[in-house]
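Here's the structure we're looking at; comments come further down.
Labels run A, B, C and D following the written order; every chain starts at residue 1.
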Amino acid sequence: MSDRLDELERRIDELRAGVRRAMRARDGGAARGLRAELRAAERAWDALVGGEQPEEPPARTAPLVTVREQVHQGLRLLGATAQPRLVVAVSEAFLGGTIRSAQLTSLRRDEERSFRSAPYGRPYYLCAALTDRLSPARGLLTLSAWPLERRVVGPLSPRVDFLTCAIAVAGREQGDPRAARLLLRMARNIPGATDGSLGPPDPDRVIAAARAELAVHAPRDTRDRAELARRAARQLDDVARLFGAATLSTIKKEYAT
Amino acid sequence: MSLLTSLARLRALDEGIAQPVATVRHCHLSARPMVFVPLRLSGEAAAPLAAMLGDDRDRPRLLVVPQPRNRDLRFAWAAELAGVLLPYVESFTADTETVERRGGDPYERALDAPQLVVPNTGGVAFTRLLGRSTRFRRADGPYPVPESVPLLGRWLTYFAERAAYPGSSLTLAATEELGRHWASGQSGLEDGNLASLVAWITEGPREEAEDPLVWPPAGPATDPGFDAEVLAPAIDSGSAERVTEALRTQLAPTWRLMWQALDLLAGLEPGASVAQRWEQDRASFSAMAESVAEGGPPQPRRDGAVAAAARLARMERAQAAYEVQRAYDDPLVMAEYRLTGEAFAGEVVETVPDNAEGEGRSRKLRPLVVIKTDDPVLLPPGTALGTPERRAQGGELVEAHEGLVTVKITKGMGRGKTAAPGTVPDVGERVCYTSLTGDFQGSPGLPDAEATPWTHGGPPQQYVPDDEDAQEEWS
Amino acid sequence: MTADPGTGSPEPGPEHSPEQVIADVLADLPRHRGVVVDSPPGAGKSTLVVRAAAHLAATGEPLMIVAQTNEQVDDLVVRICDKHPHLTVGRLSAGAYAPPPRLLELAGVRVGTRVQDLGDPDIVIATADKWAWIGDRKWPWAIVDEAYQMRSDKLLRIAGLFERALFVGDPGQLDPFSIVDGDRWSGLSWDPLQSAVSVLLRHNPDLPVHRLPVSWRLPATAAPVVSRAFYPFTGFRSGTGPDERRMELVTGGLGTPHDRALEEAARSGWALLELPERHTVRTDGEAVRAVALLAERLLQRGAVAGSEQGERPVTADRIAVGAAHRDQVAAIRAAGLPPEITVDTANRLQGREYDVTIVLHPLSGRRDATAFHLESGRLCVLASRHRHACVVVARAGIAELLDAHPSAEPVQLGVPVKFPDGWEANQAVLEHLSRHRVRADRG
Amino acid sequence: MSGLKREGDPAHRLDALRGTTPPRPHDARAIAALAANPGCARRALMDGAGLDKDAAARHLGFPAPFGQSPFAITRGNAFEALVKADGCAELLRMLRELLRLPVAEVAYHDVENVGENADARSGAHLRHAHTRSLIDRAARGEDDAGTLYDHPLLALTIAGHTAFLEPDVVAFQLGGRFHIVEIKSFAVIDGQAEPSAAAAAARQAAVYVLALRTLLEELGHDPLRVSHDVVLVCPENFANRPVATLVDVRRQLAVLRRQLARMTTLDRLMAGLPEDLTFDLRPGEDGRPTRPVAELADAVRRTTARYAPDCLSTCDLCFFCRDEARQEGASDLLGRQVRDELGGVASVAEALGLADGSRDPAEGQEEIARLLRNAERLRRECLGSV
């Protein structure tokens, strides 16, 4: 067995060196081939040493709630358009969520495909917020069930939505330490929301501070969003109203010379 | 660097082997050094990945953070490190000697002191950051760490600070020490690569010294190719054993080089002043150990105004003394001063041992020595001189002309009517004189920190390590 | 000038007369804890110090004066006694110091190593190093001379001795330095390696900073060049008009490049004697000989300088030779110049004044420049010591060297950027010198 | 002459130097690196031609020793995402603290939303056009003008080619001044960052400042409305929390202007080159170079390099040039300082010959010969090898 192990180790070393040489020469093809061999050798080594398969990351019990539904719940809790990482954080902190960020990358595309194949076949869709050119905004999730005004974003909307989310987070029970950390992180970025100490912020104070700043931005943001929503309702078909207009066409019109 | 070193580098390049630039060793070598080779996670300021360390070349300890992004595992690693380092440090505190001080209370000085040896200046910098990131931690409160961690932080900080102290040997960076004793045939920048420098000194340059596949970097940075192809998959596999073995491949070669470097240095006889500087190191160590034992606060984040000025004065004096001592200890170092005309050596061709100046009561003995030298002497008459052959002696240059230099001895020839035997060199003796002398004035006092003047911001706020220090996230 | 107007640097503001500036300074003294006066080369810094000393002494309150070298202290003592013979001055010194005869002749001066030995003079004056050993007494007033060349750790040692102070100095000259690496303190407002003025102003940003607007030393041919290259944001002008300074060479020239360079310098205040391009060692023998020959010919041809102070011959003691390195100085000294000619490094020529200076360009014969060679203060000192003319000796190729200079200066956060940049200053001076170029033939 | 203008046109010559190899776009990092070794004609020509030096070095068999760890890349991306999360909440906090940005100033424009689906080049043009119109509106002070511009696309002309640049964020302050925000993931610990990392960030930021100033000028606004104080955002101490520091980049701007001006004088360098010289890698259909290595090496050697050990951290071609210096026995290998100390002596053999007296000094070498002989004598004396 130890001979076998030695041989495997030699083989692994050779393969590793080969992969790194190939990478340095930017020879992607060769590296891929070698890497596959390497993984196989490493698995064999693990098996030999451990006498068993390497521990898989603790098998996740199939979540009772789908990722899609978890995102839905997270967004509903927040009540405003938000970035995936905030949705994930909220889901973890308050809803026992188990979403990994990687699972969100294809979400929006799946939703759009589903909608196209059977429009309105589902009670809700997770969609992208719409920019001021009515195109899908990078990395902003929203819910189809919300009115258009909430799903479009003007220049002030990211801040308004952040403050709205902060109020929602502060309004929840802060039992979980992750919840407390999330609130602290948000509160630090709102003037007057903390007393400057490192202790957990007072949720009421966070809400008051966020509302105060919100009052500054709300009138203009509401106006901007209403205007965008009107445009979206007028110009976009059903699909685009949820998932955004193709970028190029709208832009091209604007810069056509 | 001087032309003398440049010439040595040229010679090394030509002959394919490093050339000596010192004839004696200028650092103290411990009988039991703690060799410390740390690795850091790429992209992070001070996230430890692994370290190989120990005072026994046959039994290195390998400490690994199997999931370097996990904060708890990092502190567990720090605690493990403390478990090795602190007993080592503490093993030197027991045996002490009592030292009398002029105008002060006697104090206890450790008979021997610890010595931390890292591969390069990057290792020193990482030691400093590890110290900074751990010394303010607390064993209680919201982000508790094992009790030994903050103590480890203070010692690491101390070792890193001593590395910047001229002439101290408490912390050595292998490439720096080798570079002080040998000139390779490559640039100073490339000398930062331990494998390459050792190769130059032992058997000549080797292409593979720069190949991370053959000689992994000596840290604290890892090879990006290793990170991508070996480490990342190992970490993702969740197998601590795989991570450990992967990191062992990166550390073991450096471990061997480190001991090889120490052997190379040990092959040189220590310079005459090395013991004296080590004595200062021992005193410094004892003071630090005492401060720790008395429960003093951790070193502040940065020096206050008064502390900065005091440290600068200490370091400047140490630097000046170190330069003088190195030249006095080592003819090859002195040769640099001879080359620039600030020192000269040669044979004594004439002496006037009973030469005197003044009459009667103000008559002063001023023996004259004439030296024949091939060195260019660019010192003006009246320059104060010292000599490595008789370190207590002081002289003055009378004149230099056509390779003959007349020196007047002004100090260290006894108080009699004629010079004490042996104080005036004999005709035929080889001597060296230099304007580089160890006569340093003490530095004047500084105000107390509480009396920092208005020009420097006034008295500082009392430093109290606060919760913020302790709670700083270790991301 | 490519740099933008600086934020944080004094605004040029309306032009004040020197008299007005001095009056403003004196008026500010009781109003502020500290007052800073920037003085470009030869702008009457010593005059200001003497005036301020007399002004403060007249209030009846004791005054301490801090200078940086024994020579500077002695100079100030002589000047004060000369202008204000009624004042009593105590000259505090270290044990090893032997006062020069010119000091011993002065009636109101007492020399001693302890404050108690000085009686109770109106003014006590010493070097910063000496002051650092004095304690247990507080003076209501201090004047700190050459404050930009004083390291802030020295100020820290003596600032407890005074209540209020006037800081005077030239921001364009060489910065203080250390033999040890000071990175660990960079960015700190009390960085001990920064100048006394930098640290003072960082902690007390509201202190008034005045500027002496007129150089009495530099002739009209030099002031604009030096001002533009080294004082880009503050500027100054010469106190004398274009024709008020003249220099004539009594005997005719031989048409050699050296003679022609001297003639150019006599005519225009500047000359660049350019040797053939070659990379050389620092002690470039050809350049050293050229410097020595220039000095020799200048004496031989009997230069006469005419100025607002009248006509006088340019004797050896009115000539200085400056270089960057000590080995260059040694090599030039060894080339057989009359001992009355001062030959020294830029560091040691700071604060001095001559009729004619001969300068070995710090970049001559080099292939690469280091920060040391590019330091603007070094060139500034060398190019601003003269009342009449400055002759620069350099190998051709400096323009190419500057052009090829790699730029990879490290950036320390929180450390104010210092202007002018050495590269820009060198470029500006070189551009000016190229208009006064005399090429030396090989050999 | 006029008839040959097309041929002699510097831009045309530069294109010919690159040949069929696709140009490597200059990003801010590459532009900032122009000042790393301006004395090197080889590098100046390759950069001017937009040649992919990294690819050339690989093909020559001397791949550059640079690489970035996936951990560092992940860390960098994660940190940038954190700074910009939730409508730049962290950034707004820092700008409010550092520049006293009023609470009302929170408008955010994500320029990257534009041209996302287009191909790289036309997407860049679209985003640049969009950036122009946004900045123009902001500079005019129109009331819906924004505060933060995420990923605006700026442009600079380098040796006749337009280089697109993508700063991490541009902030617009109420005072009518624009600030460049540079997000870097190296740590600022107790107020201090690694000086070389901070310098690299400052050089890059200076490129953006210059590009934005150029844009303002083109639009008829005062270019100095772009502040020379850039906002450097880094993780503070050992935490993830970002901290902002103002960095004055006036010096870097001056250097950059100088280097860009030099790029217009490449024709002087090209004048001495053979007409048919090209660094073309002749990429095949799969993009791999097909040019015989020896031929390319020969072409590269026709241009003069100025190797210094510093190149090892700044230039893709460093190993090739170091190897060349070794073969020539050049004292450049030992560093700029050694090279300068040797006066005019460029070769190792020559210097050693002068030192041991086996070679007579040429004219002008007398002094260095004397110094070297003296040094040799001292070394022999001290090492006892007479």
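The rule is simple: contacts are C-beta pairs under 8 Å (C-beta built on N, C-alpha and C of every residue); 3 or more make two chains touch, one makes a residue touch a chain.
Quantities reported herein were computed from a predicted structural model and do not represent experimental measurements.
Trainee: Counting C-beta pairs in contact, pick out the pair of chains that comes out on top.
Mentor: Ranked by contacting C-beta pairs, first place goes to B-D.
Trainee: Nearest whole angstrom, what separates the Cα centre of chain A from the Cα centre of chain D?
Mentor: 34
Trainee: Determine the centre-to-centre distance between chain A and chain C, using the mean Cα coordinates as centres, and give it in whole Å.
Mentor: So the centre of chain A lies 63 Å away from the centre of chain C.
Trainee: Can you list the residues of chain C that touch 2 or more other chains?
Mentor: Residue numbers touching two or more other chains: none in chain C.
Trainee: What positions in chain A touch 2 or more of the other chains?
Mentor: Counting only residues that touch two or more other chains, chain A contributes 24.
Trainee: Which residue numbers or ranges of chain D touch two or more of the other chains?
Mentor: In chain D, the residues touching two or more other chains are 67, 191, 310, 337, 341-342, 371.
Trainee: Which pairs of chains touch one another in this structure?
Mentor: Chain pairs that touch: A-B, A-D, B-C, B-D, C-D.
Trainee: For a test of understanding, state which residues of chain C touch chain B in their complex under the given definition.
Mentor: So the residues of chain C touching chain B come out as 33-34, 129, 132-133, 135, 152-153, 155-157, 159-160, 178-182, 184-185, 188-193, 196, 199-200, 203-204, 327, 330, 334.
Trainee: Spell out the part of chain D that touches chain C in their complex, as residue ranges.
Mentor: 35-39, 188, 191-193, 195-196, 198-199, 201-202, 224, 228-229, 232, 245, 247-248, 250-255, 257-258, 262, 306, 308, 310, 314, 336-337, 339-344, 364, 366-368, 371
Trainee: Taking the touch rule as given, give the residues of chain C at its contact with chain D in the complex, in rising order.
Mentor: 2-4, 6-7, 183, 186-187, 278-281, 283-286, 365-368, 370, 403-414, 416-417, 419, 421, 423-424
Trainee: Which part of chain D faces chain B closely enough to touch in the complex?
Mentor: Contacts found on chain D: 65, 67-76, 185-187, 189-191, 235, 237-241, 309-310, 312-313, 329, 331, 333-335, 337-338, 341-342, 348-349, 351-352, 355, 371-372, 374-379, 381-383.
Trainee: Hey, which residues of chain B end up touching chain C in the complex?
Mentor: Residues in contact with chain C: 164, 166, 302-306, 308-309, 312-313, 315-316, 319-320, 340-341, 378, 444-447, 451-458.
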